[in-house]
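Please find the structures below.
Presented sequentially are two complexes of subunit A, the first with subunit B as partner and the second with subunit C.
Up next, the complex of A and B:
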């Protein structure tokens, strides 16, 4: 009440991580913006840390990339020393360590998701400040503001892989519809005991929401079709 | 993702750093002594500015065998404090001398940590409530982010100071039973739920006695909205800006004022 909470600072992105019965689904949009300009319309915000752990990045592209690089490097060494795949918990805690100790300089909010043989599929959230939270599902980025209500209603424990992926794609798609800083395609990464599957859902394959129209090649096609809408004068 | 320019750089000219503001915060914690020990309560919410972002955060943890720590403020700093305390307790156990750190010692340690950070202009952005029992002696104290510390029969952080402590000053007694203490605590929690924007209806109450620590599973309280004045606030003067019928116990006082 007496503090100037400069907190939720717009972070251009929508990122989601969801656990399901058997693993995790990570999802993200693909828009990288520099102010009002879309610098990259097909970026991949879901980055690999190890064979079994991936990270969804939001906030400053530079900060999240460099932290991911450091964590990947540390985890590589850790895996060699351990003699087996690193656990998701260790990966998440390494991210937390770097985020927390550099909290004054970094601006990034991430979601870490993966599968290991001890705890199965897990999702960890590391928002601004370096808090670490294990959650059954997590949302982040500027687009996530539009999804709190959606998940409150649509999330269920123990979904199947297909249900969970459909939920993630629907959610990212809804966020893209309303968040200017989110857009492009929906990328998903599914991580479970069998390995990693990456999927790609382009704009035209996503459902249309309120006030969105069917895309056409040209007006000419519409005019040429059997019962065109009359052009008004 | 934008490459954002840091608006208020937290790195000053000489290269040192200072924490400027919290991001994920917990709201009030309330603690009170009762007949057999100490009870402490907090909701399980983590706010992110005005958004109630996290709803299952545990803000009360047990420390060693004799203490409970509740925290409000920045959660990442609370998690770091728990790591410091883990190490403290570990070293204490490694002595293997039959001694164990009591709540008074833990409180003192936390005070030193908080005050030293404050002196470096890089505070841990928390208000901490430390309660415990050792050898039958009850202890309850508080430390703020600037190192102010004190003990009392009942303490609260944040909004709790303004809303809960007056209730406790009026109704707290040394010989409260567990049941009475819980009821009193819930009275405070309900007021905070009504009047603190960052409070959520999901609480944990923890108790500590000579026997040990119990932290309850999260639970919710019933809220009361059935007052007639709530049903129809404009009754008697449609278009007025306030409830214009004020009922006093016993006497009836009618204040007729119509504002447009």
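Up next, the complex of A and C:
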């Protein structure tokens, strides 16, 4: 077992962005790994760029954090100069410009999602290399390999908010079950005309898939909780 | 001197040519000179009144213990401290540098330093060196917006956590935290948990050892407990003391070199303004 704690911090990851009738839903797992060690089991991979645009990050943690910080800064300036909230397209384009011009140095794949008053909910995918793709739904990260078939079958145009969120949570949960580099909890962010809602689904609230076992209470928890009365015969 | 093409325009940023040369030399079989690393177990937790940082005190140079009692908890600001793991020179230099920058920023703004300021300064410095500055840090402090605890990795990524461990002993310490940490610990409970985690690193990791340093940061007050625990006392001291009398050591050979004939002072004019 090669435990290199100096390996670059990468987010194995499963990230998803889905449009629904009225907005977008972004979803991600929460595992950040350094080689074979889970450096952070509860990380938040969905970062805010503006009030109405969020970005799901995957790949090198350092690269994606720094690019997000730059884009947040540029977008803030842009909003001040424009005098109104910036559009999702502008946010995605800024990410693409940084990603493409530094393609030799950066290793990150992201999904930008948001809502603006001109185009409504939009999802843009900016994978390795710096392509920009507007899609009705996008998946990314190492866990996404296991979801292509699932989305081909389960995705429908014009879903309701609850349907779409259930789809996202189910998808991330399936990817976590099969991908070693994804795990932890499922975080979702819903962006629509009314604003932003962030949700959290803990690992034990997710459904169990094929061959997954029920969780048992750890002996530590059982022993640690003090019993009110001594056992009597 | 490596000459790049004359026609290429000068690029900004750090020049990584020598890093590539070093990697090529390593592949050819050259041995790097050993440098002092802090093998290390460093930890931090957030408790009800603030943050507590902890570290072991062993610094290694390859397989040898270079310093049995080094200080790994570095001062950043009166309300912010930073534990460092990795190459000792890198952690010292980067924390000193950011500490100075923080002080200048403090004077410019007229306010107490914030932990996120230190975090951003550290992260942007480490990112621009693309991981070649081998400093893995646990940064903690209490500012106007509350207690904060962050980890910073050599490549420049950061995490914000309620409890964090870094260094070669991080797995041993994390095991202790994962089983015993809860939100809202009191100061004494926090210190006890922290010491347990560091001791776990000290006893189970070869790169960590010696004593436990603790630093408690709360709103308006910081306590730096240097050598809070000494679980590795020297036990083999002779009660009579050690006495090295002349004649105990066998002289194998003697060579006397007179120095007077070597040195020749030349008459020079005195320095003038």
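Methods note: the second predicted complex is superposed on the first by the 206 of 233 C-alpha atoms of A that agree within 3 Å, B and C clash if a C-alpha of one lies under 4 Å from a C-alpha of the other, contacts with A are read in each partner's own complex, and residues count from 1 in each chain.
Assume a residue touches a chain if its C-beta (ideal position, glycine included) is under 8 Å from a C-beta of that chain, and two chains touch if they have at least 3 such contacts.
Here the structure is a predicted model, which is why all the values come from computation and not from measurement.
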Touched partner set for A:66, first subunit B, second subunit C, both or neither: second
Broader residue contact with subunit A after superposition on the shared chain, subunit B or subunit C: B
Partner chain(s) touched by A:131 [first = subunit B, second = subunit C, both, neither]: first
Which of subunit B and subunit C A:184 touches, first, second, both or neither: neither
Touching partner for A:35 - first (subunit B), second (subunit C), both, neither: first
Which superposed partner A:22 touches (first subunit B, second subunit C, both, neither): neither
Touched partner set for A:57, first subunit B, second subunit C, both or neither: first
On subunit A, the residue positions that both subunit B and subunit C contact, one per complex: 3, 5-6, 8-9, 32, 34, 60-62, 105
Contacting residues of subunit A [partner subunit B, same complex]: 1, 3-9, 11-13, 32-35, 45, 57-62, 64, 100, 103-105, 107, 127-133, 135, 145, 148, 181
Contacting residues of subunit C [partner subunit A, same complex]: 86, 123-124, 127, 130-131, 134, 136, 151, 153-159, 161, 167-168, 170-171, 179
Subunit C partner contacts - residues on subunit A that touch it in the complex: 3, 5-6, 8-9, 32, 34, 37, 39-40, 42-43, 60-62, 65-66, 105, 220
Contacting residues of subunit B [partner subunit A, same complex]: 1-4, 6-8, 10-11, 17-25, 46, 48-51, 53-54, 56-57, 74-76, 79-80, 158-159
